[in-house]
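The two complexes that follow have chain A in common; it is paired with chain B in the first and with chain C in the second.
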Partner chain A sequence: MIRIAIFGFGAVGQGVAEILMNRERIERWIGEYRVVAVADSKGSICDENGISLKEALEAKKKGSLPPGMSVMDIIDSIDFDVAIEATPTNIETGEPGLSYIKACLNKGCHVVTSNKGPLVVAYKELAELAERKGVRLMFEATVGGAMPLIKLAKRDIAGNEILSIKGILNGTCNYILSRMEQERLSYHQILSEAQELKIAEANASYDVEGIDSAAKLVILANAVMGMDVSFNDVEVVGITSITPEAFEIAMEKGYTIRLIAEASRDGLRVSPRLLPLHHPLAVRGTLNAVLIQTDLAREIFVIGRGAGKIETASAIISDLIDIYSHDSSN
Partner chain B sequence: MIRIAIFGFGAVGQGVAEILMNRERIERWIGEYRVVAVADSKGSICDENGISLKEALEAKKKGSLPPGMSVMDIIDSIDFDVAIEATPTNIETGEPGLSYIKACLNKGCHVVTSNKGPLVVAYKELAELAERKGVRLMFEATVGGAMPLIKLAKRDIAGNEILSIKGILNGTCNYILSRMEQERLSYHQILSEAQELKIAEANASYDVEGIDSAAKLVILANAVMGMDVSFNDVEVVGITSITPEAFEIAMEKGYTIRLIAEASRDGLRVSPRLLPLHHPLAVRGTLNAVLIQTDLAREIFVIGRGAGKIETASAIISDLIDIYSHDSSN
Partner chain C sequence: MAIISIVVELKDQPGQLLKVIEPISKLGGNILSIIHQRDKRTPLGRIPVEVSLQIDEKKVEELIESIKGHGIIVRSYNEVRLLATTSILLVGHIIHTDLGDTINSIDKTGYAEVVEMHISMPHLNEPSTAMVTISATGKEKLREAINLLREVCNKKNILMIEPLNEEST
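What follows is the complex of A and B.
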């Protein structure tokens, strides 16, 4: 019987809960399980015999989880085997997720996280802690949403040397740029449109300044390419000063513009770059697209949904299954 | 000490041998190993203490492997742990690979194959035999060359229901069609050009009639989508009657034409289809491109090298590593 705790109950946490309610689907992969705690910054529901996810989702829909134990109290006092950590990202301090993840790993629990902050701030420390405790730290959902980028690069192409990873890691920027490509409207017009459509947040600076892409690039560099870099090692330029005229000129020559994050032995950078219109990375809309360049397999492109409640939850669920179905991988 | 036997020593078998000569690279993943046999239809080199791959490659370069034990004799009389089966494909009988794979699995050895024939003819039987014997049958190299399609679909997105798989599974056809798109030349002109460039074989019918794509589709349907289908279940139309005029009309409307293989609950088919010019599957050149449609992660595209000596060998090596590095997957 696998006991699961869910920390953070925003869109992603709720998406995970919704999928876990489909017991038939999940038990086929990992056998019996129960969720023993759901908690966020406002409240929690706990029961070592298993809580009702339906109840938790309904409480949240009506406002918030009922007042209850804090996440740290739950980690201290409730037994569970794996934590799903989906609290809000802070890429400067990693908190509160960083403390939660450390406490869970120290307790000997596996952790599946969708939270970039803790990994950007302390990947190496967390990976070593998990290793020392004999548990797994999984974070597929932190980069590329539903795309199985990390498992692919770390495992499926084993034996290859990864020469570089580059691509589009932020769907909001890609939406804006691909609309500019198609409509030749100004950056500000498209941004407003994206904000109305809820594709961009009211404060979009985290996305459009390239910060989100840079955070994801740091995770890929450390976790997949074996580098030891931090956020400050990334040279970052956002998309805010790209003009319709720049697109005009690019497209006359058969090119478009995309915000490309790239990690290689030459360094890490996020910047708007020209791509041939027919390049596989020149995707449109909110898609993410990544090119992994290796010495044997050569180019491998992965394209998919970089965000979304159920899409991100899908990556968390696949990580969870991965922890518990090692022997049935064939 | 892992003992490896290589059966089939054409381009792919030689590619595997070349990679295995880089002992430092491979031992990092699987520990110590030796190759105890290399054999093809003309000859073989065997030594339970380990053969020289350099010698085998040189013999082949000069003509052929020296006369020696047959593959079946080697399977009967030499101890090994894993067979790499890369003999020529016959999708009607599966032979000789089918008999080799069965004999190896029956002996209790893992098998890594790049050979479509045995899987098209007898996937279910082989998968059950491997399961019963407690060994693994790996076949990433059979579909999409270097692209980690099978591991991705079977494992990395676990928890998802796969609704359909569709895409471009034959690089020769894609080369011809994307050149027709760009140059508006006739099918026959481009085919001749491709044959000169060795992108197409002298007898290209296996590729251009859609047979190769259909064989790969059968493998994906059975192995990844849990179907139980055979080659005759695929409705197949090739690319031989596509005219420059068809491209003219398609492109006026913003479309191109590609040979698309698709498996879904509605059936299996390979046929030329219209794709929007900006669709991620509308790749150019000899690339392969596959769209896996699932219920949670939604669309996942994988694009990469569908063929090539080292690229295909890369998939075999990753399979080999997968067998022996289960515990270090994190």
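What follows is the complex of A and C.
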């Protein structure tokens, strides 16, 4: 019996809960499980015999989880085997996720996270801690949402040396740029449209200034390219000063413009780049796309949905299944 | 300005190279590199030396005659083709920040030059956009030229949109 705790109950945490309610789908992969705790910053529901996810979702829909134990208290006092950590991202301190992940790993629990912050701030420390404790730290959901990237790079092309990773890691920027390409409207007009459609947040600076892409690039560089880099090692240029004329002139030469995150031996960069119109990375809308260049397998392209409640939850579920489908004792 | 490469055969004694360099500097040429091919000594014991330089294309013939006039054997000379080309978008106050100076930062390298440019200026005092095509004597030199341009653009607060380099090693 696998005991699961969910920390962070926003869109992603709720998405995971919705998928976990479909026992038939999940038990096929990991056998019997129960969720023993759900907690967010304001409240929690805990029961070592298993809580009702339906009730938790309903409580959240009405406002918030009922007042209860804090996440740290739950980690201290409730037994669970794996934590799903989906608290809000802070790429400067990594908190509160960083403390939660450390406490869970120290306790000897596996951790599956969708939170970029702790990994950007302390990837090496967390990876070493997990290894020392003999547990897994999984984070497929942090980069490219539902797109298989981390496990693909670590396992499916194992034995390759990854020479470079280039790609579109932020759907909001890609939406804005591909709409500018098609409509030739100004950046500000398209941004407002994206905000109306809830594709961009009211404060979009984290996305449009390239910060989100840079954070994901740091995770990829550290986790799959064996680098030891931090956020400050990335040269970041956003998309806010791109003009409609830039697309016009680029198109005359057969190019379009996309915000590309690139990691190679030459360094880490996030910047708007010219791409041939037919280039596989020149995807439209909120899609993400990544080109992995390796020495043996050469080029591998991955295109998919980089965000969304269920899409991101899908990546978390795949990590959860990965942990237990490799562990015959369960 | 053209980039040319001259191969001369020099006696292995002091002062020979000067006879090649003097006419170049007199005609306003700019020497980019000098390579002594000591392992390719001629039967008469002369050493082939390859000199790459940048010079007004109208003065090339005059330069060759002048070098020959110093008693130097000119084995061959030819204009160096610009082998690597790329296009880069610049967005910002390109005109107000001295476009001539921006282009010149590339042209004066001697190994790269701006061969084409297309500017769009939608309104006065608003950012302009330019597509600049740069050619260089080789890929490595092209990369150097791009790095140089990036420094200039950083200083002038111009957004530089580079092409995605797809080459794999």
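Simple rule for what comes next: the second predicted complex is superposed on the first by the 326 of 330 C-alpha atoms of A that agree within 3 Å, B and C clash if a C-alpha of one lies under 4 Å from a C-alpha of the other, contacts with A are read in each partner's own complex, and residues count from 1 in each chain.
Methods note: contacts are C-beta pairs under 8 Å (C-beta built on N, C-alpha and C of every residue); 3 or more make two chains touch, one makes a residue touch a chain.
Quick caveat: nothing in here was measured; it's all calculated off a predicted structure.
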Overlay on chain A: chain C relative to chain B, clash or fit: fit
Between chain B and chain C, more extensive residue contact with chain A: B
Touching partner for A:246 - first (chain B), second (chain C), both, neither: second
Which of chain B and chain C A:273 touches, first, second, both or neither: second
A:305 touches, of chain B and chain C: first, second, both or neither? first
Partner chain in contact with A:21 - chain B first, chain C second, else both or neither: neither
Touched partner set for A:227, first chain B, second chain C, both or neither: neither
Which superposed partner A:166 touches (first chain B, second chain C, both, neither): second
Which superposed partner A:78 touches (first chain B, second chain C, both, neither): neither
Superposition-derived minimum Cα distance between chain C and chain B (Å): 14
Interface residues of chain A shared between complexes with chain B and chain C: 298-299
Contact set on chain A toward chain C in their complex: 163-164, 166, 237, 241-243, 245-246, 248-250, 252-253, 255, 257, 260, 262, 271-275, 279, 281, 293, 298-299
Contact set on chain B toward chain A in their complex: 19, 25-26, 29, 130, 136-138, 140, 146-148, 151-152, 154-161, 278, 280, 282-284, 287, 289, 294, 296-305, 308, 310-311, 313-315, 317-318, 320-322, 325-326, 329-330
Chain C - residues contacting chain A, complex: 87-89, 91-92, 118, 120, 122, 127-131, 159, 161-164, 166, 168-169
